[in-house]
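Which chain is which? They are A, B, C and D, in the order written, and residues in each are numbered from 1.
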Amino acid sequence: MNFETKVGFSQTDKIFVHGYDLVEDLIGTITLADMAFLGAKHRKPTESESKMLNAIMVSICEHGFTPSSVSTRLTYLGAPEAAQAAVAAGLLGAGTVYLGAMEQVAEMLENGIRQHGADKNATELARLILDDRTEKGMQLPGFGHPIHRPVDPRTGKLFEIAKELGFYKKNSETLEEISRQFNERKGKPITLNAVGAIGAILADMEFDHRVMRSFAVAARAVGLVAHIVEEIESGRKDSVGQQLFDFIEDNTKYTAEPIGNR
Amino acid sequence: MNFETKVGFSQTDKIFVHGYDLVEDLIGTITLADMAFLGAKHRKPTESESKMLNAIMVSICEHGFTPSSVSTRLTYLGAPEAAQAAVAAGLLGAGTVYLGAMEQVAEMLENGIRQHGADKNATELARLILDDRTEKGMQLPGFGHPIHRPVDPRTGKLFEIAKELGFYKKNSETLEEISRQFNERKGKPITLNAVGAIGAILADMEFDHRVMRSFAVAARAVGLVAHIVEEIESGRKDSVGQQLFDFIEDNTKYTAEPIGNR
Amino acid sequence: MNFETKVGFSQTDKIFVHGYDLVEDLIGTITLADMAFLGAKHRKPTESESKMLNAIMVSICEHGFTPSSVSTRLTYLGAPEAAQAAVAAGLLGAGTVYLGAMEQVAEMLENGIRQHGADKNATELARLILDDRTEKGMQLPGFGHPIHRPVDPRTGKLFEIAKELGFYKKNSETLEEISRQFNERKGKPITLNAVGAIGAILADMEFDHRVMRSFAVAARAVGLVAHIVEEIESGRKDSVGQQLFDFIEDNTKYTAEPIGNR
Amino acid sequence: MNFETKVGFSQTDKIFVHGYDLVEDLIGTITLADMAFLGAKHRKPTESESKMLNAIMVSICEHGFTPSSVSTRLTYLGAPEAAQAAVAAGLLGAGTVYLGAMEQVAEMLENGIRQHGADKNATELARLILDDRTEKGMQLPGFGHPIHRPVDPRTGKLFEIAKELGFYKKNSETLEEISRQFNERKGKPITLNAVGAIGAILADMEFDHRVMRSFAVAARAVGLVAHIVEEIESGRKDSVGQQLFDFIEDNTKYTAEPIGNR
């Protein structure tokens, strides 16, 4: 029995990662985000790719108190000896609701462009994709945001960087055109959110939509460091986890009818 | 009730992170690893700090098949729709056994230097710390490695970078001196592993030992991307998770005595 | 702000759970599985319901080495101080692949019976449901098993108990009829697996299909105790986690082409 | 290579668990909690053991809103398609702070009785154990509770059941005596909490203290079912997870000083 992998391998005095010598070629040479790139593409990123991916991962790494960071803090409260569990708890909610749009946008664009033809321009593609989803009664991923309305400040910045670095291509262009036409159809501006924009840019960087969520999850893990640090610095009693727990305890109404020993 | 945080906050058109404007000051400007730095220090790193931290996180991000990456692959096998769960499963083993040495080394050095005096030189400090642990029958953290014997190739590289960037200070120096004296006492070379070296360098960068594990966990999360990607690329049937499961199934000896319905 | 819940509430000298006094009405009176029932139905089970649910949960609690139990052992290897993390890691793979069939079977039966009419008999319903899925090119959930072929030994036992206790109703009957007709159409026997059978029985007990996975996950958590205990009893060196890790390390072929410092 | 296990094994038409035939000997015969017993003791429990263990697991399974159940709800909010992740998130905080006392009490009693002699009576043992901990400046595990003061209503009930069933032995007796003397020394009553009582009773049932946490974790997993169900029943918008998230968002004060692009 042999297990095969291209990811990595260790021998006494060498560690190989995707064909590179970790010590000679990677440590001190590339950034942490580049390791995610390497994992997904099996080669080091170019300087532009590295800049773009770092920008993307920085943009979704941290968003203050979210269900995710609050779970991390509540978990840390019970198990401060196991910071890995606190980080893991914060990642576990990274499901379809908040981050799913990234891969859904990429898949929608991928399928739309393949089906309707890459030779069509963005205006046509956007129209066809929108028509198709309307007809099938499917929701449009990547749009809407509870706070950032009607503009997610990260979206413009990310597209701007993508333009500078040469990653603003068919997918990004089509998504922005979808946004324009969608607003027109709705008669009001609806946020094109950062997660959606990232789906398009990563697609323009030729990442498979199926790997995108793991990028987002990795970025989040980095962001959760700050929340653990803040709990450590506050001290248990004044930690947000403890305060929140106390608050909930003081403000819960128990609504079950007493039913005795039925 | 107010929850207070310095980590981050969103308003309609702005996102703030540790006093910075995420869009204006951070996206496109800093690397992903810098977000961990920012989380722990509440300020952006200098260029040297950024390089050092990226080097450290790159060095522990990936190590081929480990219990951690195998758990990720086995979890992905059962729940491919939830990549976040696969990453989380891979982080959960990041406990005292493999990564604990980082914070233990930092704490040992921190306490040793404080107790014996920062004015003592590394040779003296190393001797006192070693004597102290021997006397108390305590193990020496940061030493030993199942594969990299007698030298962990990452250790030298990391200290070299630390020297270049100005982070090779009292803690690193003392740890290398502990290594020298420990080998002398043992009469044979024992690996000073990368995790130990990182504990010392992070201490020289003035990170609290209690936050170090979350850095390691975040780095691991990035490394796990590659393992998920490889499972996706192999396809379910040929994935390492599936092969491993099949292999175990074919090679398990069930050793319980049949006991019938007692 | 008030958070409302019927689940439970504590005051100085009382704990209430779903309208019951935990100490007076539940501790020493009901079984652990009944707490899951209570959570889902907001009332204590009858004796028959309790027996049925215990039988179901016992039947999916333990299955030797699975990706799930192996992840638990690998996680325990790295973090023996955090048994909760080892259990959690073992649960995280409980996604669509192995356990998804439970809720899918229940949903398929629920929808089929509602759509085609509860007045139809099982033979007709089975035919309509099968036709419908064939037409839509949808897979049939609850069928097939890598080991138990062509019969999952738990399936018959569970239906037998369901009959005894009065829970073998329209859903179970229809599923068995689907099995018969499916084999006929295929011209060979295909396993009706335990997870599928459980989906039907739980539907006959009038559980919502959306809560079924959490029952399965809870049962698994109980089963994972045995795996942690065996690792403890073996001792680190002889633990399955360690042996497996060593085996993988010795049998991995690294297949990336060396690419130097590109 | 052979992996050995006594836990379980499957063949085409049989599933073995700890020497029993799952279908013939266990399904329909034992309760879910008995599977945990079987996992830890490699034999089925007696009727008394089964009753005792069910009582114990029921007593710690559910406690309303706790950091644990709130993490489950917040995780479910983001990943409703992955209930296993929501359960796992709720388990991850089961660390030293809330549940650690169980194993600590058992270990304290185990060591105390071994060291001072099982022939000593409970009064003497209690005094010696208390003296010993005072001298070493060690905290007393199993005492104190934020809500149940000065009496945890579960404690008395559990000891009462233990007496009835024959599991109130040296460990339980000594712990109750420690409680009496501790109150005397402190000059005020301090809660002997349920987790502490359980540690003593499980020790009297001859469970190794190292396996106790996994029992508690498994019980919790069952309790979390109710929290997921309540979120499902409320619907996303009115779920506690969503309400809590909204509340936090509306009540967070961001306290970082703006620092511009330093």
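Keep this in mind: a contact is a pair of C-beta atoms (placed from the backbone, for glycine too) under 8 Å apart; a residue touches a chain by one contact, two chains touch by 3 or more.
Note that this is a predicted model, so its numbers are computed, not measured.
Student: Suppose chain centres are the mean of their C-alpha atoms. Which chain sits farthest from subunit B?
Tutor: Computed centres place C farthest from subunit B.
Student: Once you count every C-beta pair in contact for both, which comes out on top, C-D or B-C?
Tutor: Here the pair linked by more C-beta pairs in contact is C-D.
Student: Starting from the mean Cα coordinates of subunit C and subunit D, work out the distance between those two points in Å.
Tutor: About 23 Å, centre to centre.
Student: Counting in whole Å, what is the centre-to-centre distance of subunit B and subunit C, each centre being its mean C-alpha position?
Tutor: That gives a centre separation of 35 Å.
Student: Which subunit B residues sit where two or more other chains touch them?
Tutor: In subunit B, residues 1, 3-9, 16, 18, 64-65, 79, 81-82, 84-86, 88-89, 92-95, 99, 147, 244, 248, 252, 254 touch at least two other chains, as defined above.
Student: Have a look at which chains touch which and call the overall pattern line, ring, star, complete or other.
Tutor: complete
Student: Please output the residues of subunit D touching subunit C within their complex, sorted ascending.
Tutor: 1, 3-18, 22-23, 26-28, 30-36, 38-40, 51, 54-55, 57-59, 61-65, 69, 82-89, 91-95, 99, 147-149, 151, 153-154, 157-158, 161, 208, 210-211, 213-215, 217-230, 232, 240, 243-244, 247
Student: Given the complex with subunit A, which residues does subunit C contribute to the contact?
Tutor: On the subunit C side, the touching residues are 1-9, 16, 18-21, 24-25, 29, 42-44, 79, 81-82, 84-85, 88, 92, 248, 251-262.
Student: Taking the complex as given, what residues does subunit D use to touch subunit A?
Tutor: 1, 64-68, 70-71, 74-82, 85-86, 88-89, 92-99, 147, 241, 244-245, 248-249, 252, 254
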